[in-house]
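Order of writing sets the chain letters: A, B, C, D and E. Residues in each chain are counted from 1.
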Amino acid sequence: MDTFLTLTAQDTAAVWLSIKVACGATLIATPLGFATAHFLVFSKMPAKSLIEGLINLPLVLPPVVVGYLLLLVCGQAGLLGPLLRSVDIRIIFTLSGAILASAVVGFPLMVRAIRIGMEAIDDNCLMAARTLGAGRWDALVTITLPLSGRAVLAGMTLMFARSLGEFGATIILAGNIPGVTQTIPLAIYEYTNTPGGDRAALNLCLVSIALSFAILLLSEALGRSLKRR
Amino acid sequence: MDTFLTLTAQDTAAVWLSIKVACGATLIATPLGFATAHFLVFSKMPAKSLIEGLINLPLVLPPVVVGYLLLLVCGQAGLLGPLLRSVDIRIIFTLSGAILASAVVGFPLMVRAIRIGMEAIDDNCLMAARTLGAGRWDALVTITLPLSGRAVLAGMTLMFARSLGEFGATIILAGNIPGVTQTIPLAIYEYTNTPGGDRAALNLCLVSIALSFAILLLSEALGRSLKRR
Amino acid sequence: MELEVDIEKRLGAFCCAAAFTVHSLRCGVFGPSGSGKSTLMNLLAGLVVPDRGRIRLAGHTLYDAEAGINLPPEQRRIGVVFQHARLFPHMNVRRNLLYGWRRTDPGDRRIEPEALIKVLNLGHLLHRGVTRLSGGERQRVALGRTVLACPRLILMDEPLTGLDEELKYQIIPYLQRVLDQFAIPLLFISHSLREMRLMTDEVLVFHDGALQAQVSTESLARSDMATAGGGYVNMLHLGPPRQVGDLWCYPWGETELVLTEGGGAGDKFFELEARDIILLKGRLAAISARNLLTCRVVGLFGVNNRVGVELDCRGNRLVAQIVQESVCEMGLAAGGEVVAAIKASSFRRIV
Amino acid sequence: MELEVDIEKRLGAFCCAAAFTVHSLRCGVFGPSGSGKSTLMNLLAGLVVPDRGRIRLAGHTLYDAEAGINLPPEQRRIGVVFQHARLFPHMNVRRNLLYGWRRTDPGDRRIEPEALIKVLNLGHLLHRGVTRLSGGERQRVALGRTVLACPRLILMDEPLTGLDEELKYQIIPYLQRVLDQFAIPLLFISHSLREMRLMTDEVLVFHDGALQAQVSTESLARSDMATAGGGYVNMLHLGPPRQVGDLWCYPWGETELVLTEGGGAGDKFFELEARDIILLKGRLAAISARNLLTCRVVGLFGVNNRVGVELDCRGNRLVAQIVQESVCEMGLAAGGEVVAAIKASSFRRIV
Amino acid sequence: GEINLSAAASTKDAMMEIIRGFGRVQPDARIRTNFGASGALAKQTVQGAPTDIFLSANAKWLDHVVKEGKAEGKSRGVLASNRLVFVGRKGVAVTSLTDLNGLQRIALGTPASVPAGQYAEQAMRTAGVYEDLHRAHKLVMAQDVRQALLYADRGEVDGAFVYRTDALLAKEATILFEVPDDLYDRVAYPMVMTTAGAAKAEVRAFYSYLAGPEALEILKKFGFVTVQ
């Protein structure tokens, strides 16, 4: 009880790392997610369902398997290994790896969220914009984007929250290196596997929850301001 | 290579279990998710954000932690232990446990999806219905529900897919008992712990993917028919 | 109907405040764009909550800020035809039309869907999704949907816009008949004085959110003589005609009128603009006007430089609109005699 | 403008087929509800792709099924005022208004936002979100937004519905002037013959998806004499008036007309219904009509039992509408003389 | 009757064969297996999950179960023990703990939760190489032994500390050296019957079969070091 909400230095490092990972994953995935959702909503390509299925894979497969597949692709001996080495990017056991793992696992959630919002946009508005001289891209930026703003925000919140909780893929791809890739869930995992570590694990859980509440309130506030306009 | 897509009896059992769990979790969570989303969209309660935060917990916390918390709540010695015993429901190490774990972990996804769709509904339609004599509940069922139909469908797809991939909470709450609670991800976990089990693990992954594709196509078809009306 | 209203509602910088009691069954709401007409409807229907005040309909309190009463829309049984149709996009035309009807107590279902569908010319569209309708078609579905709910009061916000004249004058008499028959009171918003005169007996005039006047539609019409381009319009109720040559003779009280326009059996409503009536004294060599009616001047009323001459024509009332100068020149005064010349083509059938 | 169209489009059971060439700058589209007017607009603007055919505007091919040409809407530079405003809900009034303007080449920005905002009476709403506007306000924003885009052709789908008369007749002259000044061609949908006559010279008449006739607005107006309640309306262009007593004298070509209505400097447009003109021969003791014009009969044209008498009144043209019986009785024939009696209040100022 | 067995995941293959052997002796016995991480199994048992026999990968979690009153300490036994080895791809030139300083990355199970990691840490500390490796962030903590092995197998790390039983699973990696026994405590797999399990005759039968000679043979075959 005396250790209630006292975090060790390693815990604090894990919290900062988790914030970095969640922000990084969200920022990387948002533009991609928007583009993908847009494609899925507006394209008339027949292969759409196939692409959608691929995007959903990280949701369907256990996170550990996703991590394993990412390792196969991005590892030293992996498909992209030589390429990544040539541009001097290390994924495995690095912060980039943790971000990549979170981004991949949360991606289907983000795409889905944006997509639902985008499907609800009134086509007529887009048409009106086109007759007013806005090209496809122009209308995308000035009409579709702001009108799906709340959905994008929801997608970002989902992604952030999922990143905070991501364990399986991260531990495989990024390893569990304290101070480098040990995010909150990894630290919690360690604690829960130690008899008597429950209190420390709970502390970290509370930090996670506080973070997610902060993001939630922020996104609600932004969403309200989007609606008010 | 010769074992390509040959499933052992235990694998087949895992596939069936996974289907049961995914369907069960989706069916249980859908009405609850709809109700929750409706509350979050239409209620003017100030404590809304708090409730939303609670709903998001299973997303923010690592699945393993969620599993532990469920274990604490539903175990024999847990909060709901006496209650569950009195109505003769066993959660731990049973199919119900696996369904509960999946439903809880996927719940925030479902609520979010439905919510985004519901927020896009034109208020005016609801008002029109009210002036035509439809009470709150009537309008909910005849206007809000069908107009958020596509979003509900999207939420169900997310939930189903997430259930297929759920590992952490399930293995804690329901255990890893072949034929009883061993779903596809748990079986995959065992295979990856076995010499030469990769091929069998891959087979199960492929089954998971096929299942998710089937659900995806089904939901797309349903969604299109909803739109066409 | 006895609708008592005393409410106030602030929307941003706009403030809608109105206190009035309506007794007539058919009341109009008139006012320029942005004067608060739609806002009033929303307040009455319970879709917007007033800041303060009271609303009572036929003895029932619908809203009372002080007593804390605020009936939800579905319990008010006030039907609304919205300015923009607001159809249910996930239902076809038929289900839209019957939405309110199905929610009406069978005992209160006084209107026949079939008949209404026929009048609104929607029969061929029943199974069409409402997103695939033309503008006028949508408007008709919205109108039908509300009427079929058989409400205790109907609010109509420019329900006839987007309809061609022919259809409009096919729908109006039906509406008149139905509302009349079942004594359903009506509150009718329109920018068209003609529609207003056909549909209402009394008018609430709004300006900038405030009730400016509550007058009979008749006097609103008379005061319209003052506005640029306006003018008084006589509404005549004529009996069934008989053909004479290529013209038609209609009974009008004790006398008869000659019109260019024919028509089947039954009574008809015709418009006759007051300024279409020429007053003269003496006899001419020839005149193109087919109707020369000897009338007695009942009274004169002036609005700006125009003068309304109220005539009695063998028991029938008629208003002719002329200028002051003519009044002097012709020496018109109450009690005097004069001939009203009306062309056979001056009549406009409306119902 | 030279708009060449030959297209076909099937929508469910409905089929829209039209082949026409429009040369005039101001063309109307007329037809009952559901006849395909809005569909035609969508096809022209590029929002709906025809099944086959060709669209050419001022020498540019916008669409050609055979050649595989289909310009996207933003390259067609065809502005559309939609039947339902379709404003951008996430922008305020100002940003809605300027959306197209900002996307117009500065060289093509020929219309001043300030002036237009003033005419549309939107100045006080510029920073309001468009979801908080009244029906008429929305319609005005939509109108302004399209005009400000300075398109090569403007399509307007019932742009004046929901506006009160006063505002309507304030907007029309401005529109006329702007479109005229910058020679922007117009395709105008309306159910109102009066709006049609003010805004267009030529009309495409649709029925059930098919082009039924392409006629001058004038002849559409004349043929309207035949329809129940219809009638021909003269449009008079009068000079600046001077006051005489409480009436006003307006120069009309070589002669003068006496009206009840005054007005500031500048030329004015007035309506005068053909049936408001009474033809007479001989002199009366007294008549309420202020204008007695001696005219020569130029010709007669008949529509059903009504006769249009085309008159020459010291160089000015005028059509009076009377009945056949009167023609016989008065012995009217081309070349004959007759007096046209018109009341000072019969004129209706429109611009 | 039914026997509920909760066992550490790393013993799965050997246990499955032992169960098959027991089935030949007692054909009507039905054994429900539940393989997972020792900590998870312990917590499930404490929360009232039906467990008759608990086989842990370390003593800590077994103690936990006993302390929570779910099992009698006196039924406690040791199934087998294991050895710690260092694996890596061929060509990595290390033969003892002191050579590890020359490597870039070394995987081991997270010491806090993975027993094999604890033993590895203990061995490195005793050999005096731990501090340097740790400070240089050369140590990659894996979720479990299998993951450490996976890294070594795929060449993501230069080498990994794993059990001998696990090392047999590797495809590319081979045992580079065995960690000397004297550097770490004995790796034991303790087991216990829960109070509920001890009441059932068939559980007791299976429990004694686990300690019997047939089971020992099987364990040996899978690379375990047997105690008796």
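One rule holds in what follows: contacts are C-beta pairs under 8 Å (C-beta built on N, C-alpha and C of every residue); 3 or more make two chains touch, one makes a residue touch a chain.
Keep in mind the model is a prediction, meaning the values are calculated, not measured.
Least step count on the touch graph, chain B to chain D: 2.
Common neighbours of chain A and chain B, listed by label, are E.
Chains that count as touching both chain C and chain E, per the definition above, are B. Placing every chain at the mean of its C-alpha atoms, the farthest one from chain B is found to be D.
Distances between chain centres, each the mean of the C-alpha atoms, put E farthest from chain C. Each chain gets one centre point, the mean of its Cα atoms, and the points for chain B and chain C are 57 Å apart. The geometric centre of chain C is 26 Å away from that of chain D, both derived from CA atoms. Chain E has its Cα centroid 34 Å from the Cα centroid of chain B. In chain A, the residues touching two or more other chains are 68, 189, 192. Residues of chain C found to touch two or more other chains are 84.
Listed for chain E are residues 43, each touching two or more other chains. Applying the touch definition to all chain combinations yields A-B, A-D, A-E, B-C, B-E, C-D. Across the complex, chain A is touched by residues 37-39, 42-43, 60-61, 63-64, 105, 107, 110, 112-114, 137, 139-143, 147, 150-151, 154-156 of chain E. Taken together, the chain B residues at the contact with chain C in this complex read 122, 124-125, 127-136, 138-139, 142-143, 146-147, 149, 226, 228-229.
Here chain D touches chain C in the complex through residues 11-12, 31-34, 37-39, 83-84, 128, 132-137, 140, 157-158, 161-167, 169, 191, 225, 227-229, 231, 245-247, 260-261, 271, 273, 275-276, 278-282, 284-290, 304-306, 320-326, 329-331, 341, 343-346, 348-350, going by the rule given at the top.
For chain B in complex with chain A, the touching residues are 49, 52-53, 56-65, 68, 108-109, 112-113, 115-117, 119-120, 150-151, 154, 157-158, 161-162, 164-168, 185, 188-189, 192, 201, 205, 208-209, 211-213, 216-217, 220. Across the complex, chain E meets chain B through its residues 6, 9-10, 12-13, 32-36, 40, 43-44, 46-50, 146, 168-169.
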